[in-house]
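Paired with chain B in one complex and with chain C in the other, chain A is shared by the two complexes that follow.
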Partner chain A sequence: MSLVSIMFSVFVTVALLLYYLLPRKAQSAVLFGMSVLFYLSYGIQPVLFLVFAVGVTYTAAVRMGALYEAAGNEEDRRAAMASAKKSSRRILIIAMLLNFGMLAFLKYTNFFIDNINGVLSAGLPHLKLLLPLGISYYTFQSVGYLLDVYWQRSRCENNLFRLALFLVFFPYMVQGPISRYGQLAGQLYENHDFDWANIHRGLLRILWGLFKMMVLAEWASVYREAIFADPDGLAGIALFGVLLYTVELYGNFSGGIDIVLGVASMFSIRMEENFRQPFFSVSITDFWQRWHITQGSWMRDYVFYPLTLSGFMKKFGKKTKKAFGKKVGRTIPVCLANLIVFFLVGVWHGPTWGNIGWGIYNGVIIAFSVLMENRYKIWKKALHINDKSKGWHLFMILRTFALINISWYFDCVTSLSKALKMMRYSVTAFDPSLFLTIPAGKLGTDFTPYALGILLGGCLILFCVSLWKERGADPEADVLKAPVALQVLLFLLLLLAVLALGPQSAGRGFIYAQF
Partner chain B sequence: MREKILEILEDLIPDEEIEGRTGLVEDRILSSFTILNLISEIYDELDIEIPVEDVVPENFDSLDAIVAVVEKYQQV
Partner chain C sequence: MHSSDGKKAAKVLILFLIAAALLLVLLDLMLYPCTFMRNDIHAVTSEQQDLVILGTSNGKMDLDPDRIAGSVVRDGEPLRSGHNLCVGGEYPVDAYYITKLMAAENKPKLIVFEVDPGYFATEKEPGNNYLLFHHEFPLSLAKLQYFADAMRNCDIRSALFAPYEYSLLYEIPRVKETLTRKLTGDYDISYFKGKAQEYHENGFIERYPVEEENFASYDGFTFEGNEENLRRNTAYLSKLIAYCRAQDIDILAAVMPLPDVTLDRDPEQFALAWEYFDAFFAEEGVDFYNFNTDYYNAYPHSTDLFADYDGHMNGDSARAFSQVFGHIIR
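Let's look at the complex of A and B:
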C-alpha cells in the first residue's frame, strides 16, 4: 500500500475513526492492529522478518533488564552492576548480530556475489532475496533501543505488545524517520483526546508533502531521467541534470516525511523532524545535521561516539598525539571514526560502489575541514575576511550547495566514468534551450514550457517556505492562525495543485523505501 | 577542577562565552567533534574517563553540567 494512494487515505481515515471513536484505552490497540494490517498488505513473508526482529529485541532487552535489576539488589552493588554489564554485553552482541545479520544478508549478499564474480569470474548466480519493507528502519530502531537498555539510558520494556508497537507503528515503515524509544514509545501508549488543531496541522503537512512529491519531485524526475539517459545529446543541460536530481531527491524524501509526520500528527503523535532546510547549510557537517537528521543522530550516538571512545581508538589517539602533537593528534582518531561512519552511511544507502564513494566523499570533506580548522582561521584573518558578515554566510551556503551537488554525481549514475563525463559537460557545455526538446512525459514537447514553468514556480515556493522557516517562523502554525477563509483557500489550492499539476507518471514510489 | 574544565573549553572554542551559558549543545556551539576532543582533554589533563553512556546532550549543555558529569567519575 503506497503512502500516495486512495487506499492509504481510506486506511488512515478508518484508523482515525476507530482511534477517536472507540474508548480511549483502546487507542494503542487500534494503532497496533492497523499497523499489523498495513504491514500485512505487503504480504506474509515480510511480517515473519519483523516478528523475528521484535522477538530478538524483546528477549535480549528483557534479559539485560533482569540482569541489571538483580544486580541493583545486591549488597556490593558496584561489583554486581559491573558483572551484569559484562553479561549484558554478550547478550547485546548476539542480538545486534542477529538484527544486523538479517539486514546485511538480505541487502548485501547479491552485492558480494557480484564482486566475487567480478574479481574471480566465478559465475555465481544471484540469490532470490526479498528486502522487506522498512527493514532498515526497524533494525535501526531495535538496535538503538538495545544499546539504550545496555547503557541504562532507557528502562527495558517488559510488555511485548508495547515494544512491538514501537517497532511496527505504520507511518514510519516506508521511509522513517528513525525514532528513539524514549521519544516515541510513551506517546504510542498514552490516551489522546481528539483535537481539531492536530488534524488541521496534519492535513496541511500531508498536502505540502504531496505537493513536493507529486509536483516538484515528479517533474524534476521526468527531466532528470531524460538528461541522464542521453548525456552526450543533452550535454548542454548536464548541470541542470544534477540540480534536478537535488530537487527530485529532496522533494521525494522530505515530502514523504511530511506525509508521515502529518499522519502521525492526526493521531496526536509528534515524531522527530528529519529535515531542517538542508540547502541553507554552511558546511557539509551542518548539512548532515539538517538532512535525514534522525539517521545522522543515530549514527552519531550509536556508532561515532562508541567507536571514538573505544579502547582501540584511545590507544590510537595516544600514538597520534605523540606523533603529531596534542591538537592535531587528538583530532585524527575522531576523523578516522567519522570516515568509518560515512562509509557505513554510504553502504546503508545501497549496495553499490557509487554509494560507498559518495559516503567516503562526505567523510573526507568533513575530516579535512576539521583538520584544517585552525589553518582556515589564520587565512581568514590574513585576508581580512569577516566570517560573521552576510556575504561570507551566503558564500558558505553556495559553496556547500556546490559540494553537495558534486557528491550527487556519484549517487545518481551507475558508473564512475558516467559521473565524470556529466561533471565535465556541466562545466564545458551550456545550452538551456535543449530543455525544449525533451517531452513532458506523455504530454509531449508542446507541454514542456508549462511543465518547466510549474517546476520553476514550485521550486520558488519551496525556497520561500524554507527561507521563512530558516528565519525562525513556523509556517504551519502561522497558516492555522490565519482567517478560516484564507486557510480553506490554501488547502484547496494545494489540493488542486497536487491533483492537476503533477505529471501523469505518478506512482514511482518513495526513493527511500528501498533502503 | 571547574577552572581547569573552563580552560580546556576556552581553548577548544575560543570565540564563545561559556561561563553562565546554557544550550551549548542545543545551540550547536559544542559539535560532536568538540565534545570528543573535550573528553580526550579531560582524560589527559584530569585523568578522568567519561564513558560513552554519559555522552548525551544534557551532560554537555553547560559548564555546570560538564563539571557534574566529570565529578561523577572522579568519585568512582
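Let's look at the complex of A and C:
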C-alpha cells in the first residue's frame, strides 16, 4: 500500500476513527492492529521476517534485562553487574548477528555473488531473495534498542506487544525515520485526546510533503532522467542534471518523511525530524546533521562513539600520537572512525560499489576536515577572514552544496566513466536552451516551458519555506495563527498543486523505500 | 495547544473539506474530457444491447456490431442491437466490471470477448487506464467494487482528480464545450471524428486506410516469461466467464486476424499464446474462434487490409470481416 495511494488515505482515516472513537485504553491496540494490517498488505512473507526480528529482539532484551535485574539484587552489586554485562554482551552479539545477518543475507548476497563472478568468473546464479519492506529501518531500530538495553540507557520492555508496536508502527515502515525506543515508545503507549490542531498540523504537513514529492521531485525526475540517458546529446545541461537530482532526491525523501510525520501527528505522536534545511549546511559534517538526521545520529551513537571509545582505538591513538605528534595523532582515530561510519552509510544505501564509493567520499571529506581543522584556522587568520561574516557563511554554504552535488554524480549513474563524463560536460558545455528539446513526459515539448516554470516556482517556494524555518519559524504552528479564510485558501492551493501540477502517470514511489 | 487553536483548526479543516469537495466536482465537470467511453457506457446502460463486444483496440476497429448482430441468432431470434465496448487499454479486469455494470442495467444476450494475447502478458498500468472506464460508470455497486478492486492502489491524483491524466493545455480551451455537453447530456459523436478514424454510434471505430509505408513501427510480440501477469489477467477472464454463466449471458471468445508479416515475425511466441488460449477456453467450455489458426482461411491476412502491423483493420476491411465473423459465430 503506497503512502500516496487513495487506499492509504482511506486506511489512515479508518485508523484515526478507531483510534479516537474507541475507548482511549484501546489506542495502542488500534495502532498495533492497523500496523499489522498495513504490513500484511505487502504479503505474508515479509511479515515472517518482521516476526523473526521482533522475536529475536524481545528475547534478547528480556534476557539482558533479567540479568541486570538479578545483578542489582546481589550483595556484591559491582561484581554481579560486571558478570551480567559479560553475559549480556554474548546475548547482544548473538541478537545483533541474527538481526544484521538477516538484513545482510537478504540485501547483500547477490552483490557478493556479482563480485565473486566478476573476479573469479564463477558464473554463480543470483538467489531469488525477498527484500521485505522496511527491513533496514526495523533492523536499525531493533539493534539500537538492544544496545540501549545493554548499556542500560533504556529499560527493557517486558511486554512483547509494546515492543512489537515500536518496531511495526506503520507510518515509518516505508522510509523511516529511524526512531529511538526512548523517544517514541512512550508516546505509542500513552492515551491521547483528540485534538483538531494535531489533525490540522498533520494534514498541512502531508500536503506539503505531497507537493515536494509529486510536483517537485517528479518533474525533476523527468528532466534528470532525460539528461542522464543522453549525456552527449544534452551535454549543455549536464550541470542541471545533477542539480535536478538534488531536487528529486530531497523532494522525494523529505516529502515522504513529511507524510510520515504528518500521519503520526494526526495520532498525536511526534516522531523525530529527519531533515533540517540540509542545503543551508556549512560543511559536510553539518550536512549529515541535517540530512537523514535519524540515520546520522544512529551511526553517531551506536557506531562512531563506541568505535572511538573502544580499546582498539585507544591503543591505535597512542601509536598515532607517537608517530605523528600529539595534535595530528589525536585526530587520526577520529578520521578512521569517520571513514568506517561513512563506509557503513554507503553500504546501507544499497549493495553497489557506487554507493560504497559515495559513502567513502563523504567520509574522506569529513576526515580531511578534521585533519585540517587547525591548519584552516591558521589560514583564515592569515587571510583576515572573518568566519562570522555573512559572505563567509554564504561561501561555506555554496561550497558544501557543490561538494554534495559532486558526490551525487556517482550516485545517479551506473559507471565511473559516465559520472566523470557528466562532470566534464558540466564545466565545459552550457546551453540551457536544450531543455526545450526534452518532452514533459506524456505532454511533449509543448508543455516543457510550463513544466520548467512549475519546477522553478516550486523550488523558489521550497527555498522560501526553508529559509523561514532556518530562521526559527514553525510553519505548521504559524499557519494556524493566520485568519481562517487564508488557511483554507492555503490548504486548497496546496491540494490543487498536488493534484494538478505534477507530471502525468509519473508515480515513481519512494526512493528510500528500497533501502 | 490552546483550545481556541483547536476550534480554529476544526473550522479550517471542515471548511477546507467542503470547499475541496465542491472544487473537485466542479473541476471534474469542466476539465475531464468527454471521451468515447462516455458514449459507450451510456449506450449500454441506457438501452438494451443484445450483443456487446468487449476487448482491446483490435476488437474496436475490427468488429462492427451492426454487421454481426443480424446474423447471430439467440433464443431462436436474431440479435437486434449491438455495441462495441472495446478500447485500447481494456484488460479482463475492466471487461469484468463493465459486464457487472451492464448486467445490473440492461443485460446483453451475447458477449464477444476479443482476445489480444499481449494484454494477458502485460500488467495494466495504474491511473488513466482504469479511469477511462471507472470515471464513466454511473454510481452503482459495480462502480464501488471496481474502485475497491482496481482503483485503490492508484495514486491520489487519479482517484481524486481524474483530469490529472489529461493535459490542461488542451482541456482548458474546451472547458465551455465540455461543460455544456455534460450538463445537457449531449452524446453527439461528431466530436470524435478525426483525421485517422471515425467513431460510430454503435461503438465501432472506423480506421481510414493507411499505406504500408506509413504504418507505425511495430515492437514485436513476447508472450513467454510473464506468468504472473498471465495468472492475474486470466483469473479475471475466468471470473468474467463464471459471472456470464451465472447471469445467463452467452459468452464466446475470438482472436482477430493479424497480418501475415506480423505473425511471421514472432511465430514461436504466437504459437505459445495460441496454445495457452486453446487450452484455457477448452477447459472453461467457451467457444473460441482464432482467426490466425483454426479459422485462418476464413479471412485474408494481406497487409493492405490493415492500417498497421498491430492488426487494426481499415474500415472497409473491418466491415467485411464483421460480416464473416457474424456468419461463423451464428
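The rule is short, and it goes like this: the second predicted complex is superposed on the first by the 514 of 515 C-alpha atoms of A that agree within 3 Å, B and C clash if a C-alpha of one lies under 4 Å from a C-alpha of the other, contacts with A are read in each partner's own complex, and residues count from 1 in each chain.
Criterion: a residue touches a chain if its C-beta (ideal position, glycine included) is under 8 Å from a C-beta of that chain, and two chains touch if they have at least 3 such contacts.
Being a predicted model, the structure only gives us computed values, none of them experimental.
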| Fit-or-clash call for chain B and chain C when the two complexes are aligned on chain A | fit
| message | Here's one for you: vertex at chain A, rays to chain B and chain C, all C-alpha centres; what's the angle to the nearest 10 degrees? | response | 170
| query | If you stack the two complexes on chain A, which partner ends up touching A:Ala122: first (chain B), second (chain C), both, or neither? | reply | neither
| task | Kindly classify A:Ile44 by the partners it touches after superposition: chain B alone (first), chain C alone (second), both, or neither? | result | neither
| task | Applying the touch criterion given at the start, work out whether A:Leu496 contacts chain B, chain C, both or neither, answering first, second, both or neither. | result | second
| request: Using the touch definition from the top, say if A:Val334 reaches chain B (first), chain C (second), both or neither. | output: first
| Does the superposition put A:His200 against chain B (first), chain C (second), both, or neither? | second
| task | Identify the partner contact of A:Ala382: answer first if only chain B is touched, second if only chain C is, both if each is, neither if none is. | result | neither
| Is the number of chain A residues in contact higher for chain B or for chain C? | C
| task | Identify the partner contact of A:Val427: answer first if only chain B is touched, second if only chain C is, both if each is, neither if none is. | result | neither
| For the overlay built on chain A, what is the smallest gap between any CA atom of chain B and any CA atom of chain C, in Å? | 25
| Taking the contacts chain A makes with chain B in one complex and with chain C in the other, which residues are shared? | none
| note | As the complex stands, chain B meets chain A at residues 28, 31-33, 36-37, 39-41, 43-44, 51-53, 55-56
| said: Applying the document's contact rule, which stretches of chain C touch chain A when the two form their complex? | reply: 1, 5-13, 15-16, 19-20, 23-24, 27, 125-128, 151-161, 163-169
| note | Touching chain C in the complex, chain A uses residues 1-2, 4-7, 9-10, 195-201, 203, 210, 214, 442-443, 446-447, 450, 480, 484, 487-488, 491-492, 495-496, 498-500, 502, 504-505, 507
| task | Using the touch definition up top, name the residues of chain A that touch chain B in the complex. | result | 151-153, 285, 289, 300-301, 304-306, 308-309, 314, 317, 321, 326, 330-331, 334, 338, 370
